[in-house]
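Read through the structures below before going on.
Both complexes shown next keep subunit A, but they swap its partner, so subunit B is in the first and subunit C is in the second.
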Partner chain A sequence: MELFLQQVFNGIMFGSTYAIVALGLTLVMGILHIPNFAHGHLYMLGGYITYLFVATLGLGYWPSLLIAIVVLGFVGIIMEAVVYRPLNEQPHINAFIAAIGALLVLESAVEVIWGPQGMRVPNPYPHTFEFLGIIMSVQRLLVIFGAILLIVLLHLFLKKTLTGTTIEAVAQNREGAMLNGINVNRVSSLTFFISSGTAAVAASFIAPIFVISPAMGAIIGMKAFIIVLLGGMGSIPGAIIGGYFLGLIESLGGGYVSAAYKDVIAFGALIVIFSIKPTGLFGKKEG
Partner chain B sequence: MITKPLHTKLLYGFILLAALLLPLYVPDPYMFQVVIMSLIFAIAVLAMNLIIGFTGQASLAHAAFFGFGAYGVAIMTKAGISFWLALPAAASISALIGLIIGPPALRTRGSYFAIVTLAFGVIVWIVAGNWVQVTGGHNGIFGIPRPTPIPIPFIGAIEFFDQPAQYYLVLVFLLLTLFIMHRIVYSIFGLTFMAVRNNEPLADAVGINTFTTKLISFVIANFFAGLAGGLYAAIIGAVSPSVAAHLLTFNFLIFLILGGMASLAGPVVGAFAIPILMELLQDLGHFRMLFFGVLLVATIIYFPRGFVGAVRQLNDKIAARRQAKS
Partner chain C sequence: MLKLNQVNTHIGGLHIIQDVSLNIEKGEFVALLGSNGAGKTTLFRTIAGVLKPKTGSIELDGVAIDKLPVHKIVEMGLVLCPQGRQLFPELSVQKNLLLGAFPLRGDKTRIQKNLDKVYDLFPILRERTFQQAGTFSGGEQQMLAIARALMGEPRLLLLDEPSMGLAPLIVKQIGEVIENINHEMDTTVFLSEQNANMALNITDRGYVLESGRCTLEGPCDELKKDEKVRKAYIGA
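Up next, the complex of A and B:
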């Protein structure tokens, strides 16, 4: 029972990370129809920016997190403007290939600066305690509750503010939004800012618990992609539920079936589900 | 059938001659090895070009199929089967797996197909790294025998222990692949591939079975990917999960896009020039991938048809200007 609860706890923690990363990706994919395959690499870079400010420059954890959000936000804006905007009118597959170029740039840039080996961000809250037989740490709880807070804040922003509703307007109808005087390019930049910034939050939350490495972006990026495609492009509930679901499945699968093969679950599920329903679980239109 | 102008024929003739004489002027054994590798990659990239460049379906499981060929030859030749049997068998296994995975994967389109094939590739990579009894796990398989000598009556046998022999072996397979790809692309079959790429609903409307067309292209591409992988295993003598990793797929993609999609020359140019360029830039370390990443993005934005496409555009412009003058 303890093992089960422990796996569930870890699953929720991983799920929180997946949910935030997938949430950022679904915004970009649903609104701009851009297959931002480099999203996982933005997450990875976010972890490194936090590392830079916490470990190298000796700043506190929270200021570093804020800086990471802003830096990543601007990286996202630059990426949209330089890589994706020129390919707006091209077939999607060209944007996809450009994304692979972008992720190679991000990964090798991090390798050039910090080297290929793993790094550890000093843990601001290393205190651990036991609850119902589960070993918890404050940082792990921070990942879980921080994710919930972020999701709530993002929801409020998208639904209750004028700027937030312009994002939703562009998602629903690009031409209609333009006719109503919404600057679509500005909305694109804003969406990329939010998307990359939230990825930075996810990475900064979890970086003190695990080692960060340049290669970590690829797998989480693909998983986020899978969550978004299965949950429906642009669907925020789909991304959140999918994220937690994948986290739990992987954690339980890793604990009870095989740790080496736990990554197969996400990729296998994708192939099986797509072979049954080629447009995804909740998909309406083809991308 | 499109006939090439004389100067193009001369250029191709010159390149063929240069390729045949290459062992005479290659600077050192290390560079020779790089050249042999790049010719093997050229076969794989030509195959990738068939499915991505000509049929418009971004299969990102290409390295996985390269891996099936490599592991296939490795396992079979280590079990004592002749290389000449193992190679077509491994390539056929690769094609067969393509035939099995193709129907479900090809129901999806565009980015969806790319991600489904990529997911398949990642699974193959994970399995290659963990199924220790068969694949040797992360260490892979060592001591794969070199291609079996071909006995020739009265003279002796062609052996494949030295670099020139291995080079000519790979060159023969590359020319064979080029020949077959040429026949496919300029046949009615090739035209249906391009019709599907250019406008799938329209192709469907004029009576092309788009699903079967895509599946055939996918299976042929995977056959040649497996062939290239099999050659790789026998010539390097060792395989590890990295031969099936998505990073190798991305490398193939760089060769393809920079060389030039949807032409037969492009993949060969890309697969030949870029590994050599990478070796020459070795001192740059990780900066190399930074450089190639930037180049990939710039190429797809400004020259979606790559180097060969850009040269052709330039060629057309010069021809148009000449015509305007006369």
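Up next, the complex of A and C:
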């Protein structure tokens, strides 16, 4: 029982990270209509910006996190303007290729600056304690509750503010939004800011617990892409539930079978779900 | 108010709109007639700024708008209610309407006033405030599209084939509302229609578009008598 609870706790923690990253990916997918394959690399860069300010420059954890959000937000805006916007009217395959170019640039740049080896961000809250037989740390709880807070805030922003509603409007009908006087380019920039900024939050939360490395962008990027497919393309609840689902499967599979098989179990479950429901858990029928 | 001079629009190498010039005065109610494929939608999309003309000029109250982005043109008071309605299918009626008032953002009293106004115009929308737009029938969607376009208080409203695919009774109803918009709300209206019968009965004058060229123009009474118009668009 304790093993089970411990794995559920860890699964929820991983799931929190996945949910935030997948949420950002799904928001941008609504705007671009293609996945931003470089999204995981923005997450990775967010981890390194936090590392730069905490470990190298000796700033506190929270100020560093805020700086990472803003820096990544602007990296996102630049990426949209330089990589995607010029390809707006072109076939989607061009944007696919550009996205792969962008992720290679980000990964190489980080590798040149910080090297290929893993780095560790000092843990601001290393204190651990036991609750119901589960070993928890304050930082791990921060990941979980921080993610929930972020998801709630994002939901309120999208559903309750006019600016948030314009993001949904552009995703549902780009030309309709334009004809209502909405500056579609500005909405795209804003969406990229939010998407990259939230990826930076996820990375900064988890960076003190695990080592960061240039290669982690590709792994989480692929997982986020799979979560978005699993939850149903463009579905926000789907991205959140899919994120927690993948976190739990990985963690329980890793705990009960073998940690070496956790990706096999997670992706195996994915194949099973797609064979039963090809549009994903919350997917809509095309057309 | 709206002035087009020798406008030419190309889409993917095809020369769709050819040397179109026209002039609409404030308060007028003007029809754009033409068969399917004549270029009515392309002309409207060019005026609204979605497509950019290759040559020629478009002026709104003396200001050149042919190089402005769509949202700037909307802010100047020219709103296109597009063919195919282009609603936000997963948003509620209310959110669709509030987005229509985007140019007035922040001015709560004016937005509320406009909301009441369009709900009076289309009572069915008031009953369905919180329903998703995508679940509506074609006629209801057309009403919502017109209502949404009115929310931003356009001075010049372009309506692209509002009767398309609708039952005759709904067409009549929508025609009456458009007349009302022109007469009561002090809005200049430019109406594109394949349904020449409906358009010629409610508008003051019209232009006829054939293969991207403006071939005929005049008051509706004259157009109704014109042999070519009768044959091609009225079927009498």
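Just so it is clear, the second predicted complex is superposed on the first by the 263 of 287 C-alpha atoms of A that agree within 3 Å, B and C clash if a C-alpha of one lies under 4 Å from a C-alpha of the other, contacts with A are read in each partner's own complex, and residues count from 1 in each chain.
Everything that follows uses one rule, which is that contacts are C-beta pairs under 8 Å (C-beta built on N, C-alpha and C of every residue); 3 or more make two chains touch, one makes a residue touch a chain.
Everything numeric here is computed off the predicted structure, so don't read it as measured data.
Contacts of A:S251 after superposition: neither subunit B nor subunit C is touched.
Of the two partner chains, neither subunit B nor subunit C is touched by A:N10.
Looking at the shared chain after the overlay, A:S275 reaches subunit B, while subunit C stays out of its contact range.
By the touch criterion defined above, A:V264 reaches subunit B but does not reach subunit C. In the superposed model, A:V105 lies in contact with subunit B only, and not with subunit C.
In the superposed pair of complexes, A:S235 makes contact with neither subunit B nor subunit C. Contacts of A:S188 after superposition: neither subunit B nor subunit C is touched. Taking subunit A as the reference, the larger set of touched residues comes from B, when subunit B and subunit C are compared. In the superposed model, A:L87 lies in contact with subunit B only, and not with subunit C. Overlap of the subunit B and subunit C contact sets on subunit A: empty, with no shared residue. Touching subunit C in their complex are the following residues of subunit A: 162, 165-166, 168-169, 172-173, 175-184. Remark: subunit C residues 48, 50, 69-71, 74-75, 79-82, 85-91, 95, 98-100, 102-103, 105, 148, 152 touch subunit A in the complex. Residues 56, 58, 101, 103-105, 107-112, 114-116, 118-120, 122-123, 126-127, 130, 246, 250, 253, 257, 285-290, 292-297, 300-301, 304 of subunit B are the ones touching subunit A in the complex.
Looking at the complex, you find that subunit A touches subunit B at residues 35, 82-83, 86-87, 90-94, 96-98, 100-105, 107-109, 111-112, 116, 218-219, 222, 225-226, 229, 260-261, 263-264, 266-268, 270-271, 274-275, 278-280, 286-287.
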